[in-house]
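Should a chain be cited, it is by its letter among A, B, C and D, assigned in written order, with residues numbered from 1 in that chain.
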Amino acid sequence: MTTAPPTSTGPAPSVEHDKAAESRVGLILRARELGIVLALAALVVVTAVVNPRFLSGQSIRDLVLAAAIIVVLAVGQAVVVITRNIDLSVGSVLGLSAFAVGSLLQAAPGVPVVVALLVGLAFGAVCGLVNGVLVRFGNVPALVVTLGTLYVYRGIGFFWAGGQQINADKLPPGFLAFGTAGVLGVPWLIIIALVVVLVAGLYLRTYRSGRELYAMGSNPEAARLAGIPVGRRTLAAFVVSGALAGLAGVLFAARFGTIDASAGTGMELNVVAAVVVGGVAVFGGSGTIWGAAIGALLLTTIGSALPVLGIDQFWQQAIVGALILLAIGTDRVVAARIAASLRRRESHVVS
Amino acid sequence: MSSPDLSPRRLLGRLTSWDAAIIGVLILFVIIASFTVDNFASSRNFSFLVLDLAPIALMALPMTLIIVTGEIDLSVASTLGLASAVMGAMWEGGLPIETIIPVCVLLGAVLGAVNGTFVTVFGLPSLAVTIGTLALYRGLAFVVLGDRAVAEFPASYTDLVTGRIGDTGIPLLLIPLVVLGLVFAVVLHVTPFGRSLFAIGANAEAARFSGTRVTRVKFWLYVVSGAVAALAGVLWTLRYSSARADNGTGLELAVVAAVLLGGVSIFGGRGTLWGVIAGALLLTSLQNALRLADVSNEALSVVTGLLLIVSVLAPNLASNSHAALRRRRRPDPPPPASPNPDPAPSPTPAVRSS
Amino acid sequence: GGTTRDSSAGDTSGSTGAAAATANPDAPIREGLKIAFLPKQLNNPYSDIEAGGGQTAVTELKGDYKLVGPNDASASSQVSYINTLIQQQQDVIGIAANDPNAVCPSLNQARDAGIKVVAFDSDAAKQCRDVFVNQATTQGIGETLVKMTHDLTGGQGDIAILSATPNATNQNAWIAVVQEELKKPENAGMKLVATVYGNDDDQKSFQEAQGLLQTYPNLKAIVSPTTVGIAATARYVSSSSYKGKVAVTGLGTPNQMREFVKDGTVSQFALWNPADIGYLAGYAGAALASGQITGKQGETFTAGKLGKYTIGADGEIVLGPPTVFNAQNIDQFNF
Amino acid sequence: MASPEPGRPLLAVRSVAKSFGAVSAVRDVSFPLYGGEVHALVGENGAGKSTIVKMLAGLHRPDSGTIELDGQPVELHSPADALAAGIAVIYQEPTLFPDLSVAENIFMGRQPLRSGRRIDRRAMNARAAAYFTQLGVAIDPDRPARGLSIADQQIVEIAKALSLDARVIVMDEPTAALTGVEVKRLFAVAESLRAGGAALLFISHRFEEITALCRRVTIMRDGAHVSTDPIDELTVDEMVRRMVGRPLDTLFPKHDVVPGDVVLEVEGLTRAGVFADVSFQVRAGEIVALAGLVGAGRSEVVQAVFGVDPRDSGEVRVDGKSLRGGSPAAAMRAGVALVPEDRRQQGLVLDASIERNITSTRLGSLAKLGLLVGGAERRFARDWAARLQTKYSHLTDPVGRLSGGNQQKVVLAKWLSTQPRVLIVDEPTRGIDVGTKAEVHRLLSDLAADGVAIVMVSSELPEVLGMADRVLVMREGELVAELPRAEATEQTVMFAATGQGAAA
């Protein structure tokens, strides 16, 4: 075939393209996550200056432990949002799975932690599957489906739990230990969260099916034409989000020890906020897992920094809101800069 | 080459459309409920129902317009809360209620303008922006009123909200609701402005190329949404004669649910206000009836959720199976002529001045 | 001009209710009374125990018991339920008000419709209920809290309060008393450095506890006058390096706290028996509906196994002093 | 390059039919595609060409009839199937992922891999760059597709098809958005593909292209198959007669009009990075063409004039009155109309009905007391659709269902109905068949005759030369030449447009 172009010995232009490529990639990466990282750094520094104990081992540990759960949720959410969908049911799924695992351990204290984790995953996956099926086969907008299942799953949770509350003393000590202990001082929750972030991040960046998720989010119609199995991928995305929410449920149970039907209520908005703050475009197609994770970390840090800063209770929520706006604002500014630079370096027919 | 008369066809389209379906469901439900649920059909219950309906329905009106343009406003419930808190603070401060109410509504407009600015001027996604202001406004509400709950609003006003027209069972509150509903419906459906909203929702760029001031329109929609939400806050405060920072927490989801239930496309460009009003009514009367029937709170949320999903799912499945049928029904003798009544270009009245 | 707070003083939406009737101490308790309980929130362990007590009472009285309520502890959703109960023509409504005033108009509608209203656990505004069953005098609880703290800290050092929601009626009342008590000379050594709110949300309370300990290095004790808060605080402290250094006390249920009493994080905390509150409320309601009492000060009635009670000022009925739990006695309780 | 008369066709379409509800788009159409040969598919707008394409792409299932590959009937259930069967399609409308890099757009789902099935970005970018060199354009493979001009988008599509190295390549009006230079390059590529033994199906409304590239031509009319012959057995006039069903009157019916007063004045119009210091005047009754290579910035200029794009400096005057920048509404009030370049994105609300689209610019005047009641809209829409001889089945159908050409007519109707003093048309005949083209051209000259000032952006030289009283040539965002009708020739325009040495 005369059409197959030489790939090994890249012709002159392609070389200079590669250089351009590097710079562009760098620029965009910096652009997307820069704002958040800066905000995070600034926050930590200020807090530490005001109250050095904020950087004490104990407090950092508490911080990341709290972050671990929301990070896991944010990763799942990011996957869904990138495909131009959204999953508002995560809070309810978390509650449901937490309670499921809780009552399992209550009934059979012997169950090893690993099994508990798997049960949580599976449980969430099923909830996610339901969402996915409704979106895929019922072609109902994800926002509607998951807003619905937000109510439904929560309701089921209440039915099941009733007034029952599973207290720390009912849970096997091994499981509670898992909530705080770890290897070489690194708590399990954090290890798990990191693994989730790395795997998901790598997958979305360097695997074909991962990139296809972006394609679907960027232009669904074109994705169909490109022969991407849109339906299956959508389904998968929701299953992943559900499964991670389930996993987060187990972590939640282990961390907080007390579980009732209302666990994780209202968390969905925080998670979406984290993802958005993390620079994932609400209408899909762009953004990274790293970004989402950092976004989650930032929000949690705010949550625990403000009391340390001794800022009046009543200001906390307001400040969180303001910071969300600030974060997406800066993100937009940078994005605009890129667009401008693109417009200038326009293509022209070489003659 | 004119197309065949469409009026019957359009009528059919109306009837089979999904918001019409919701209206049908609503009527059906009300009839069934009044026979099966004791006390449901009582005039007193009706006034309770209207009181529960009011805040959701109010905020759903501008929300419909916003969602039709493809945006969303999740901060309405927080705006309600902040308005309520400010109302309380000013009432405590001894200001006359006649000043407080307009000031609160104005405040709401300003809060809406803030949303609008972020969405239009900075071009940020409204979902993200209003999640931010959802937290911000609720937070400010707590900053204003803190942990206190201001009460003892004048009976002359609280009774206005909870009262009825004479000795009829019809609550006074119904009047402003109906009026506003009509206004919004007319604006959305039979004015050029309303048309431009649909155009914006379906293809903002094309709308811009047709001379629509897309950003300006969106901005004002947010202002209106804020003002109405604040008004809802005032009514809320008077109804419970208690101003608190946490009033109406979480109501935004109910409002969005009502709008979607009413058949408005979350992607913009499609929907009717009738559907939305029916949606809000269905939501509240369903909850009211279930409560009267001692159905547990859990069941309420499950039913609400299912209702929401089904309301969108059902019409889709219907149309799908319909299409499937058409596909199977083959190969029918192809129509003799092309889609167009007379293919040969007939000498047209205008432009061809040869 | 215009309608201001002062000009409309007294003109608040309230009605005297049906309190005009006179009490007949030896009227028999009517059977088949429809008594409905409307706690702050369903599916909350504490509320459920309270309601449970109510159920016992109603069964003893051969009445017909009903439990309704929202899943969120908000005043507005309680109002919808009051309206429903009015529609269903109950005889008695027992309510733990989420907001004393917000529920007022509907409660008065209920009383106009001849329904007796018994507030329990958390009071509604006086003019819209017939009696209030108080778990203990506000004063009593405040004093107990301070006393326990005094014992634990030896009367010296910084202390902090982790309360429920910022606008929880009774918590705020108790905190007020605590602040008064601390002014007394014998408590002069203790300094209240902060009051934070966990919104009766386990996770939030947990993080607030973290915040307190990080912010106030030489904190001696955290006092949490709410069952959710004390459990979360105890759990955080027990899993942190502060265990043993910082005392945790307040109001909690034995079942929640047992673990932490055993592992030494908590050495004493207090609570009344929530079941008894519901129980007493049930009897008070029946007595009202049967005309034994009308809610005036000095009237008396018998509340089954709890014995004889006398209505105090403002129609308040006090259950009794709270129980203090510790390693010795905790295993005798199961709620 | 006389390749031997081929034997068995690589792909054969056998009496396929497809109807959408009432509309029967394709009826009993059959034709063969031979390896090593380019096959033309021609027909009026709405003849059913794209529908056939969509069947080959696995998007539509034929209601009846079959598609055969190597003599074996194949069922194409999805685009994936088509790709697997070695059928590559360049669609009429570009289908890119704006957020992804150009390279990823080309290789989506087929990215070159390295160890552990991970994507090898370097290799991917290198290969993409190689394809671009082959196509003779310099597009940074790592730049996101968002913001590419239509032409650049089309080129990426072509690169995508190349990268598939498929046996059957279908091109649905690939040249509609291209100018001479790029078309030449595309043809070179097509030629090499053909020589490589692939079978090409080529759809275009430009006969010079068809005669230049194709060996065999299938003609369709109103969804039905008319004929399939070797190209050299047909004259262009015969082709036109068969597809239009009547002999065609002249393609460029230009009236000579005596220009009136200056209506539109543009002075020193500048937008940083896109165009600079553009000044020109248009008189009543004049047709002024803006020519230039794709990417020269013509669309940007006219969009800035109309106010949809901001302008950094410069002034626009209509009838001597200065026009506020950045406000299409103001421009419309002053009597300016812009028929935009990209009808799907800028011209139409595809989901909205034909009626809504046509009336969208006139609602204010159609409303009674501010309310749109009664059948005024319906009547208005029906009237204008008729004037432009639009083919539709119901005014309430979404306009997206119309064929490309008929969509363009709706856009024209929408703007002509505003009775403009200044009419700006950007690529007015892009993707329009000869019949309609003649209509549009007649329309333009009639409007000019009625004293409308017309600015025409066009990438089709014949059109420019045939219609314009004056030709303004742009290069890289600057106005480089102004040629009166007499001096405007293929050479002079291309020379100005490409600059030294690049004379195509």
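In the analysis below, a contact is a pair of C-beta atoms (placed from the backbone, for glycine too) under 8 Å apart; a residue touches a chain by one contact, two chains touch by 3 or more.
In UniProt terms, the chains line up like this: A = Autoinducer 2 import system permease protein LsrC; D = Sugar ABC transporter ATP-binding protein.
None of the values given here were measured: they were computed from a predicted structure.
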Neighbouring chains common to chain B and chain C, by label: A
Between the pairs A-B and A-C, the one where more C-beta pairs touch: A-B
CA centroid of chain A to CA centroid of chain B, Å: 30
Mean-CA-position distance for chain D and chain B (Å): 41
Distance between chain centroids, defined by C-alpha means - chain A, chain D (Å): 42
Overlap residues in chain B, where contacts from two or more other chains coincide: 142, 146-147, 245, 250, 297-298, 301
Overlap residues in chain C, where contacts from two or more other chains coincide: 42, 71, 166, 197
Touching two or more other chains - residues of chain A: 158, 281, 313-314
All pairs of touching chains, each written as two labels joined by a dash: A-B, A-C, A-D, B-C, B-D
Chain A to chain D touching residues, read off their complex: 1-7, 10-14, 17-18, 20-21, 24-25, 206-208, 211-212, 214-215, 217-219, 221-229, 281, 285-286, 339-340, 342-351
Touch list for chain A against partner chain C, complex: 51, 53-54, 56, 58-59, 62, 66, 158, 161-165, 167-169, 176, 179-180, 256-258, 260-263, 303-304, 306-308, 310, 313-314
Residues of chain D defined as touching chain A within the complex: 57, 59, 78-84, 89, 91, 95-100, 104, 108-113, 117-119, 121-123, 125-134, 136-144, 146-148, 152, 162, 165, 181-182, 189, 192-193, 195-196, 273-274, 293-295, 476, 498-499, 501-502
Touching residues on chain B, where the partner in the complex is chain D: 1-4, 6, 9-10, 13, 186, 190-192, 195-196, 198-199, 202-203, 205-213, 269-270, 326-327, 330-331, 334-335, 337-340, 343-345, 348-354
List of chain B residues in touch with chain C within their complex: 38-39, 42, 44-45, 48, 52, 91-92, 94-99, 142, 146-149, 151-159, 162, 236, 239-242, 244-250, 287-288, 291-292, 294, 297-298, 301
